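In the part that follows, the structures are each spelled out as structure tokens.
The two complexes that follow have chain A in common; it is paired with chain B in the first and with chain C in the second.
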Partner chain A sequence: MAKKEKSGEKLRELGNDLVKQINKGKGPVINLPVRALSNVSFDKKSRTLVLGNKMAQRIFFNVAHAKKFLQTMEVASVSKNLLKEGKHASLRDVFYMIKRTIPGTKVNLVDDQSESDSCIEDLELITEHSREKLNMTANKMGSVVGNVTILDRGDTIQWNKMGSGGYSIPSTVEEIEFKKVNAKYVLYMEKAAVWERLNEDRFWEKNKCIIISSQGQTTRGIRRLLQRLYEEFRLPIYVLADWDIYGAYIYSVIKYGSIALAHMSEHMAIPTVKYLGITYDDIEKYGLQKHLIKMKDTDKDRIKQVASYEWFKDNKDWQRQFEMMKKLDAKAEIQALSARGISFITEKYLPEKIKNKEFIE
Partner chain B sequence: MAKKEKSGEKLRELGNDLVKQINKGKGPVINLPVRALSNVSFDKKSRTLVLGNKMAQRIFFNVAHAKKFLQTMEVASVSKNLLKEGKHASLRDVFYMIKRTIPGTKVNLVDDQSESDSCIEDLELITEHSREKLNMTANKMGSVVGNVTILDRGDTIQWNKMGSGGYSIPSTVEEIEFKKVNAKYVLYMEKAAVWERLNEDRFWEKNKCIIISSQGQTTRGIRRLLQRLYEEFRLPIYVLADWDIYGAYIYSVIKYGSIALAHMSEHMAIPTVKYLGITYDDIEKYGLQKHLIKMKDTDKDRIKQVASYEWFKDNKDWQRQFEMMKKLDAKAEIQALSARGISFITEKYLPEKIKNKEFIE
Partner chain C sequence: MVKTKAEELALEQREISVAAFFEKNRHLLGFDNPLRALSTTVKELVDNSLDACEEMKVLPEVKVEVRQVNENRFVVSVQDNGPGIVKEQIPKVFAKLLYGSKFFRMQQGRGQQGIGVSASVLYGQLTTGKPSKIISKIGKGKPGHYYELRIDIHKNEPEIVKDEIVNFELDHGTKVEIELEGKYQKGKQSVDEYLKQTAIANPHLYLIYINPLKEKIDFPRVVNNLPKEPKAIKPHPYGVEIGVLLRMLKGTKAKNLLGFFEKEFSRVSRNIAKEICDKSKVDGNMKPQEVHHDQAEALVNSIKNTKISSPPLNCLSPIGEEALLKGLQKEIKADFYGAVTRRPSVYRGFPFQVEAACVYGGELNNNSEELVRVMRFANKVPLQYQQSACAITKSAISTAWKNYGISQSKGALPTGPLVIVVHIASVWVPFTSEAKEAIAHYPEIIKEIKLALQEVGRKVGGYIRKTVKAREQAERANLFEKYIPELSGALSNLSGEKKTKIEENLNKVLKKSMKDILAGVDKEIVEEVNNNNNEKPKKEEKQSKLR
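Presenting the complex of A and B:
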């Protein structure tokens, strides 16, 4: 609960500061860092995406700022109440909770969720607390199993007694308490079907690891879970994704942070994460050439873009992967390994790669 | 395991039948029902979508059939091996497992997953077993909590001790054994964020129910879980969805079955399921008019289409909902209820609606 008080305190500070300004006869102003690509850079020391020093002012008595100022205050007020009640709201809930016509006008406080979302991200910067700690959450997704025992809302949950389904990862993992973690590493995969394969083969038990999946995008809940397992237990994190530009970017976001959430890198990025596969070398070694899929034009454009990102552009190993994607005009899915047999992935591919430390960083 | 042997036996029957035909000097032929809209109808007695009596032949010595014949055999062979090994494969895995160039030719056995998927659906018809019982699965999705204890792959799992996350629903629930089910009804909702709200408020405990969510589409795993809870424990199933045409269709698929899977209605449809909300009447009663969202043109086209389906076209209650959607040119999300307070849904909306039996059927 200490953490909650902290984010609540920050909100009170914000409110007190504004009241002070008003009492001094000043028009209220909020100072906050600029949250835009122009203020995002790749920090070579921490090896994460970080926000720069450019500051902005949100001025109540400025026609261009007044609405956003109000929205920020409303979102802060919703957060304060949520913390007080000990409840969480989804981003969509928050949108509906602040949506109304400003009294005496025909202007809606918010017309679109993107407006409240943006204010929530600003509030992360202002309070220096993640939106999860402000009790605002995005959609949940993903499953986990492994030899781990957690305490979650008073329930003791054993991740090694989860049958075929697994523990369903909540949208916020901040309040989960780890009671026992008996694992050598964490394997994160972008596909639920691959996770089901690994779980059915009890890969996590045989290889003393934790397996985590999403379906497609890595939610913030999953990213924070990965980060906590690394920060608190020093578990290496390995990423298993398709050999395509989207797989590379999934890895990149987990490792370096994302442009949109550069201000959250400290709480989300894991610079030590390693990319396990699929790689071009896997395709050669395991004879998967016949199982390549032709790229689309949009894939090619995206390769050009991602390959030029600061954190990729001097990375020879990744540039080679991007080059080979372009040269072969192809991508390869994790499940292409099934061509070699349904349990090839669990019995040969993964153990061999991990034993030989065949990672890309 | 009895169930597995049954689907395995059906596969053996198929193989034996073909061998017999060949031994008689005949070209092998598979008989199977036509699986197309022209052979799908709404059965007024069972109140589900069913397949008609039109039969088709798949003839090996027919240039137009030969490839599909081979594909069907390959898929049957993969299924037989999976059943023998006691393993499950995703639809994507199956595609890669049968993908190869036919020896002596330049023709690929399959070029696209839709081809193997279609053969798997045929195999469901030929064997009269769902693909889950043929050990072929689609993606997993969704979470469940409630006062239920299950036995799953040797693990005893209590759905009432699942903290904030819940039990992650597997892609196939056929082998789950229910040890204890202490609930008055099942509430299924299309949104994970709403499920998190209900779980945080311990709605399932206070109201003695089971809560299940997906995110968007209802997977086959979830549909079968709902059906098993109804068939084996006679639990009423209530659906909570957005007031839009997609919400209505989500409900329709759970209740009546789907056009593409009409042959599976017996295993999937639940004719007694009831639609709880959101309804036009909720919008009026709870003053949500300001929280409506404008429809898109595609929404309007879809309303026209769905409203004319046989199972909807004589249903006055639903036609009224469709009319009101068109009249207001609007839709409403479940989360619009949050405008009335974060726990309005759990403290007032749901208990009141269920108590007053305000359903649409």
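Presenting the complex of A and C:
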């Protein structure tokens, strides 16, 4: 991402350009790259998802675009004010800062936060600055524990002295400075509850590792943190997720990047990440067949979709996992391991898997 | 000697006259509450008047007056310009139940059983004790006969209270006055509504109505010729049940069974008569009166298995598309009217014909939550009760109105500013009860109603599409006007340019290219511009929510 111009200047440029179009008697139009699967490809060299060069036009005087156009400009205007005042707003704040009913109509400028969020992502592409540089931040989500010392806004923080809750990962981790990192690997897990188990059993201490979790989707802050831990300390990253299509996709987002944020892959993707489990082989090996959950129709559709993605298409290991999901018509949560005992995961499952290097790429 | 229980009971067992039966079961004929009793009485009298006028081939002119005597007592008076009734028949027509000319005839008409008018007379008598008053005159120069009549409930025979000769203002016609206990109300199932709907289905009728509030309502005549005269037909074998067959066998003048079938039924030739008799192994040469029950049953069964062509269909008298539209236009103010008359069809050997109409927009309820009104007619008579039990309602519910731009929840009538009208004409309309308020669910009938509703639905759908599109376009143009100040504010903040200037220029662009903008309304596709310009524009794919 080009950093030549400051984000505030980029916003001013955007405004000037549109006003120029209007003064020439033209309806204002914004060009921006298409953020959809059709314009995302898997770059074999970098092994990440990259945005193609298809451009879409957002035309104000088009019924289908008008509202979205207005939303984008409102978000830009909010960003400009935030930069001027030197303040940060959460995505939720931004939603409320532009939310209102347009005078003389029954139309709400935005009805749902997903609309303003999507405009913020568009603005990242238009200005070539990340939303953090536009002074808009996501909620912090996720916890980390490990033998690590950092400097965050002038405070020295030891990740191994954070009690039961751990250090909570901020939405932007760019400013964090690592003072000491004493770990052999990083274990990222999809489930906060599993993280709690590992922390209670002090798994990170016994196994000299860092454990990180979020609830569900992996936030940008966590992805960037994982990437820094890999790039700056060459720590291997392992992912522990449910054995279902969503777990597989969570892994794929960390490894290759996401479709919606393909323009950010460079700052997020970690192609060396490995998938630790749960796998079909775990289910067989540890006899979890009776602890599965039945699939829904939507799960099956999603499997079909994900299995056909370019970056999964030729991956035999994953295709085999997808086949087995369909064959068993079932999925398995990480917590299914608790059927073998509450600390089975920390005492047997994880140490064995890591020792034997039972990973999927 | 001690009597056995059976002998004891036998003392109490006796014949119940129809009239006595009615006294206890008035709900069967539509007299279950005072509100409905008033409406039924008006209905029976008006139906009779219309049938009489049409039989004489005069354009009907009917005066209806409902006077309130005291809180719950009314006098219903109906006068027509029909043929009148000969003196000797007057007492029987009005004061003997199940007496009439229509019961044995296969002809489309309003009344069928000859029960309605005398039932009203009886109801009036039971609730007020007063006799009914009838004046009838059969031609110019003939006397007007005035009767006051009661029904002898046990004998089901007329009881003449007064018999006089009076002056009658018309050359011919009948006037009936019945005093009864009732309740008057405006609204959905009222007398007013019944007469309004009658005027819709009978646009050749001139009706004057004075209601209990002394309001005079004129329903003008908008069609100046009589509807096609319904022809009487012989019954078709497919519609015959065993009881009817036995009765017909007894009453026929035919010498033998073959002759009976040939003579008394439509579409039965000598050969078909032979086929029916052979199949049931009954001798075709036997006397009809000697056919016993088992043989009759065999005959009915073999009729079912014999191929007989459909009954003649020229016996029906629909309202007609044009007349129905005229009737609707004069009584309901709306933006759109559409009507359809289907070709005749047959159920169980009875010919029938379906007509449907839709009225949309205008003064009709604009509350989009409210269910639409369904006006149901059978042989040009409005059906006001038992809507949910009726085949018409069922058909309207199972029609997919969404296809025509009208909103509808699953298993319910559609909603919006719409009135659905359905008319069924038949020599024998299959009602679910003698109160004649709901049509039975014969699959052949439901199918025809649905086809008619679909046809008329397409008409109203075409209209809705056109008007809705025009309105949406206007709304969209309006939307841009409202968006411009908002956009100008944001752009002014970004660029530092004055808001008023941006707004002014944007409005100029809007005015200049309004046509293009509105024309582009349907083109809701994000056009993709490829940097290399070697790919055709494509529709943008829906963005994946998962990341």
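The rule we apply is simple: the second predicted complex is superposed on the first by the 250 of 361 C-alpha atoms of A that agree within 3 Å, B and C clash if a C-alpha of one lies under 4 Å from a C-alpha of the other, contacts with A are read in each partner's own complex, and residues count from 1 in each chain.
Rule of thumb we're sticking to: contacts are C-beta pairs under 8 Å (C-beta built on N, C-alpha and C of every residue); 3 or more make two chains touch, one makes a residue touch a chain.
None of these values were measured; they are calculated from a predicted model.
*Asks:* Under the stated touch criterion, which partner chain does A:292 make contact with: chain B (first), chain C (second), both, or neither?
*Replies:* Neither partner.
*Asks:* Between chain B and chain C, whom does A:29 touch in the aligned arrangement: first, second, both, or neither?
*Replies:* Neither partner.
*Asks:* Touch check for A:125: first (chain B), second (chain C), both, or neither?
*Replies:* neither
*Asks:* Is A:14 touching the first partner chain B, the second partner chain C, both, or neither of them?
*Replies:* The answer is second: A:14 touches chain C but not chain B.
*Asks:* Should A:57 be classified as contacting the first partner (chain B), the second (chain C), both, or neither?
*Replies:* A:57 sits against chain C, while chain B stays out of touch.
*Asks:* A:328 contacts which: chain B (first), chain C (second), both, neither?
*Replies:* Neither chain B nor chain C is touched by A:328.
*Asks:* A:103 in the overlay: touching chain B, chain C, both, or neither? Say first, second, both or neither.
*Replies:* Once the two structures are laid over each other on A, A:103 reaches chain C alone.
*Asks:* Let me test your reading of the model: by the given contact rule, A:338 touches which partner, first (chain B), second (chain C), both or neither?
*Replies:* Only chain B is touched by A:338; chain C is not.
*Asks:* Do chain B and chain C touch any of the same residues on chain A, and if so, which?
*Replies:* Residues 81 of chain A touch both chain B and chain C.
*Asks:* Name, in rising order, each residue of chain A that touches chain C in their complex.
*Replies:* Those residues of chain A that touch chain C are 11-12, 14-16, 18-19, 22-23, 25-28, 31, 34-38, 53-57, 60-67, 69-70, 73-74, 76-77, 80-81, 102-105, 107, 109, 118, 217, 246, 249, 253, 258-261.
*Asks:* Hey, which residues of chain C end up touching chain A in the complex?
*Replies:* It comes out as residues 476, 478-480, 482-483, 485-487, 489-491, 493-497, 502, 505-506, 508-510, 512-513, 517, 520-521, 523-532, 535, 538, 540-547.
*Asks:* Which residues of chain B touch chain A in the complex?
*Replies:* 81-82, 85, 87-90, 92-93, 95-97, 99-101, 137, 139-143, 150-157, 161-172, 175-176, 192-193, 195-197, 200-201, 215, 290-291, 333, 335-339, 342-343
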